[in-house]
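Some structures are shown below for you to check.
Each of the next two complexes has chain A plus one other chain: chain B in the first, chain C in the second.
Showing the complex of A and B:
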């Protein structure tokens, strides 16, 4: 059964090749067969190994663990695998009967799924680099797939920034190989106690984290994300924002686990990096007018919230961040797909030109409202759970609590701004009979509601974490939420709607490619000073 | 070769990324960084005076085969990145009429 993890990588890649080679229109049903097979395999695999993760290790060709290529799974990677399968199911259904679902598109989509599943399961640092670089290449092609000037520009910006970031990660891997003589994550993790204080190990940590920061769009180096996710096709944007950007965060978890023996005390530093990401993302998001740019900047800010949780050495806080990854994947995919339906019907990307969506498309509007309630952290929806875990765990620090509250107000402001699209009279739009995208929206919306209400059995069954201290029907929870909404409404009505000059300046601020790279180099320098020179 | 030299090559690449105003020059800067990284790793495999790792004689210096195996993969991936970004440069030139970052990023909407 242990070889099922290999099949999870091979099946999508092989399906992609078959789809590309056979020029028959029926071949696109093959994706669903492959997807079904992978889901069944993943479930069987989970049932077999759910209490003995150590036996999932496979080393190819019976080489020594230190030099061989190996795969391993645990509950974190399995939960990411289920999230990947679910997201790809929904995106494949969403694009099923549209014109964009041609063979080339499906080829890259299925290939990306295989590569991403490989990234989740790999057990050595060099394969992490290979899979990261392959995701970069495939995502670039998918961004450029719209074949407009905007998308080519975003794609070239994306690939150059990310390729240099991933190469910095590779330098870190090389230093680790020089110190330990192996690139296996587990072997290094056991050996790191003895040499944890060495300067070269600290420098390797800095370089790896810098590369991961570029891939997961942390504070100073996030400028590629709104460009790339804002111009791609909606289905692609949903996949990138919901799932692929989480690859970087998954790497963050893995590398931090590997370095856990070295006592680097990175928690505080990455908490403030996450806080800065969240605040800056929200500031940019409230000033935007393009619906996809708003959502893309909110991805940045939600990644900041995730980092505020993930960076903590305390397990409860960490679990809040981990849960927020899944919640964000569900509601952000939902919002992007819904925005795609609305953009297609209204033929505009600007929030101010969309009015009367509720009367024109009631079903889509309800799903969008579910997504908006989730992202603003309303009780009964999934965003509430993970935000509350993070909120409880940073309660003793006033500054940290205020940062989180400020980010919540900003999120509420920009989604009050976005909810204006629902009001207004019915608009005659292009009548598109597209039942499949409604199914995909419904899938994500149901997942949001289910995770928001049945979080106790789900997290107990999957991670063995007791969450009963979080109660949804709590006066304080509703009170906090409505205070944030009220302040958000006031800010929207008196500041954002007037479109003052500072807001315009934030909206029109476009960092150049050179400055993005300069900031990246400065980020590496600051991290080196913090982690290498000061201790 | 001194590892310090390869670090200098990598830093030259980053200096170029932070200063060059042309997309094609930026592509070459990424290639330069990658060459530096490959040289850095190959350096660690005892290339100077090390025997090839077949037909092992005891008590002799042997070149480490793993860096070479890994760097071949890196070269392949790097060539893919370079060719893909150069292809995108051509497309960007068709749409914007320029490959200067200022012209390309400064335009409000692409055609």
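Showing the complex of A and C:
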């Protein structure tokens, strides 16, 4: 049974190659067969190993653990695997039978799935690097898939910045190999407390975290994300924002676990990096007019909220961040896919030109509203749960609580702005032939509502974490939500709608590649000072 | 006003450069601190293991090949995958639905010198032979599939100097490349059925070095062909883009 983890990587890669080679039109049904097979394998695998994760370790070639490459799974990687399978199911359904659904597209998509599943399961640092590199190249091609000038520019920006991040990560891996004589994550994790104080280990941590920060779009180095996610096709944007960018956060979890014996005390530092990411992301988001740019900048700000949780050494806070990864994946994919349907029908990307969506497309509007309620953290929807966990665990610090409240207000503001698209009279639009896109939207919307209401049994069954201290039917929860909404409305009505000059300046600020690199080096320097020089 | 803004821009850019050099110098300093620290901590476990056991365990005299095709074969599969994806991506991006007008064939504009063509004809078979030598002897001497494949690809590219009008069926190259990649994947997983472990030599651990080298040669040849075809396809795509 343990070899199922290998099959989860090999099946999608193999399917991708077969799709590329056979030119028959029926070959695209093969993706669904492969997807079904992988889902069944993952469920069987989970049922077999859910109480004995140590026996999922599989070393290729039966070599010594320190020499060979190995795969391992636990609750976290398994939950990411289920999220990956679900997201790819929905995106495959969404793109089915439209013009995009040609073979080349499916080839890259399925290959990406295999590589991403490999990244989630690997237990080896260099293997992680290889998968990161491959993900970067695949995502570049998917961003440039439309072959328009904008998408080429965004793709080149993406690959240059991410390749420099991945290279810095590789230097960290080389230092680790010299110190430990192995690059197995588990072996290093056990040996690290003896050398945790060493300068070289700390510097390796800095370099690896800098690479991960680029991949997961943290504060100073997030400028590739809105470019890339804003210009790609909606289905690709949904996949990138919902899932692929979480690969960086997943590696953040893994590398932090590996370094947990070294007592680096990175919690405070990454909390404020996350807070800065959240605030800056929201500031940019409220000033945008393009619906996909708004959603892309909200991905940045939500990643900041995730980091505010994940960075904490305390398990409850960490769990809030982890849960927010899944919640964000669901509602952001929903919003991007819904935005894609609306953009196709209205043939514009600008929020101000879309009016009367509710009367024109009632079903899509209801799903979009579910997504908006989730992202703003309304009770009864999934965003509320994880945001509340993070809110409760940082209650002691006034500053931290205010940062989170401020980000919530900003999120409310920009989604009040976006909700203006629903009002107005019905408009005649072109009905494109895309029969299954509503099913994908419905899948994500149901997942949002189910996670928002049945979070206690789900969390208990999967992670064994007791969440009954979060109650939805709580006066304070509704009160906080409506206060944030009301302040958001006032800010929208009196500041954003007037479109003052500072807002225009924020909107038109486009960081060049040169300044992105400058900021990246600055980030590495700040991290070196904090982690290497000060102690 | 314009003068002022341009001079201030120069000042800002100079400050930026000074700050950048300072930051890089600082990183250099930290890196050297880490390096000095590394000498005390240096762990030779991996190095010792490979120099002691690699030849007996994998049947390869070249330690790089033993790591590439046995201990870390899983990595090599996806490194070959990087090239595969890059090739498919370049071909997808360089494919145009609309025939561009006024596009001229660039190469026939400047004629290749006769001397160069003659020498290319001389060098071509030698390079091809050297490439195959590097591929086939990858387990005995420095080299292997990746390096030899690159040499073979370079030899093929020389053909374009000899005959600039040469027309290549790029789809065929890419298709064959994909089939070879499937063959590599299947060969790498075959060890599960013979040895019970994924991604290693198909021959059992205790079998002779000669038997194991059969597997290494086959895998090296497949990887060599894959790399050569992939690079050839990329070059052809660029050439078509230039036309």
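Assume the second predicted complex is superposed on the first by the 534 of 535 C-alpha atoms of A that agree within 3 Å, B and C clash if a C-alpha of one lies under 4 Å from a C-alpha of the other, contacts with A are read in each partner's own complex, and residues count from 1 in each chain.
The criterion applied here is as follows: contacts are C-beta pairs under 8 Å (C-beta built on N, C-alpha and C of every residue); 3 or more make two chains touch, one makes a residue touch a chain.
What you are looking at is a predicted structure, and each value in this text was computed from that prediction instead of being measured.
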Exercise for the section: With the two complexes superposed on chain A, say which partner A:1 touches: chain B (first), chain C (second), both, or neither. Expected result: neither
Exercise for the section: State whether A:163 touches chain B only (first), chain C only (second), both chains, or neither. Expected result: first
Completion exercise
Of the two partners chain B and chain C, more of chain A gets touched by chain C
Exercise for the section: Considering only the touch criterion stated at the top, classify A:505 as touching first (chain B), second (chain C), both, or neither. Expected result: neither
Practice task
For A:62, select first, second, both or neither according to whether it touches chain B, chain C, the two together, or no partner.
Solution key: second
Exercise for the section: Kindly classify A:513 by the partners it touches after superposition: chain B alone (first), chain C alone (second), both, or neither? Expected result: first
Problem - Partner chain in contact with A:126 - chain B first, chain C second, else both or neither - result: both
Handout entry: Partner chain(s) touched by A:178 [first = chain B, second = chain C, both, neither]
Key = both
Exercise for the section: Could you tell me if A:104 is touching chain B, chain C, both of them or neither one (first, second, both, neither)? Expected result: second
Practice task
Give one of first, second, both or neither to describe whether A:36 is in contact with chain B, with chain C, with both, or with none.
Solution key: neither
Handout entry: Touching both chain B and chain C, residues of chain A
Key = 67, 126, 130, 133-134, 137, 140-141, 144, 147, 177-178, 518, 521
Fill in the blank from the handout: Within the complex, chain A is touched by chain B residues 10, 13-14, 17-21, 23, 26-27, 29-30, 33-34, 37, 40-41, 44, 66-67, 70, 73-74, 77, 80-81, 84-85, 88-89, 91-92, 95-96, 101-102, 104-107, 109-111
Practice task
Give every residue of chain A touching chain C within the complex, in rising order.
Solution key: 3, 6, 10, 13-14, 17, 20-21, 58-64, 66-69, 104, 107-108, 111, 115, 118, 126-127, 130-131, 133-134, 137-138, 140-141, 144-145, 147, 175, 177-182, 195, 198-204, 518, 521-522, 524-525, 528, 532-533
Practice task
Write out the stretch or stretches of chain A touching chain B in their complex.
Solution key: 67, 126, 129-130, 133-134, 136-137, 140-141, 144, 147-153, 155-157, 159-160, 163-164, 167, 170-171, 174, 177-178, 183, 510, 512-514, 517-518, 521
Fill in the blank from the handout: The chain C residues in contact with chain A across the complex are 16, 20, 23-24, 26-27, 30-31, 33-35, 37-38, 41-47, 49, 70-75, 78-79, 81-82, 85-86, 88-89, 92-93, 175, 178-179, 181-182, 185, 189, 191-192, 195-201
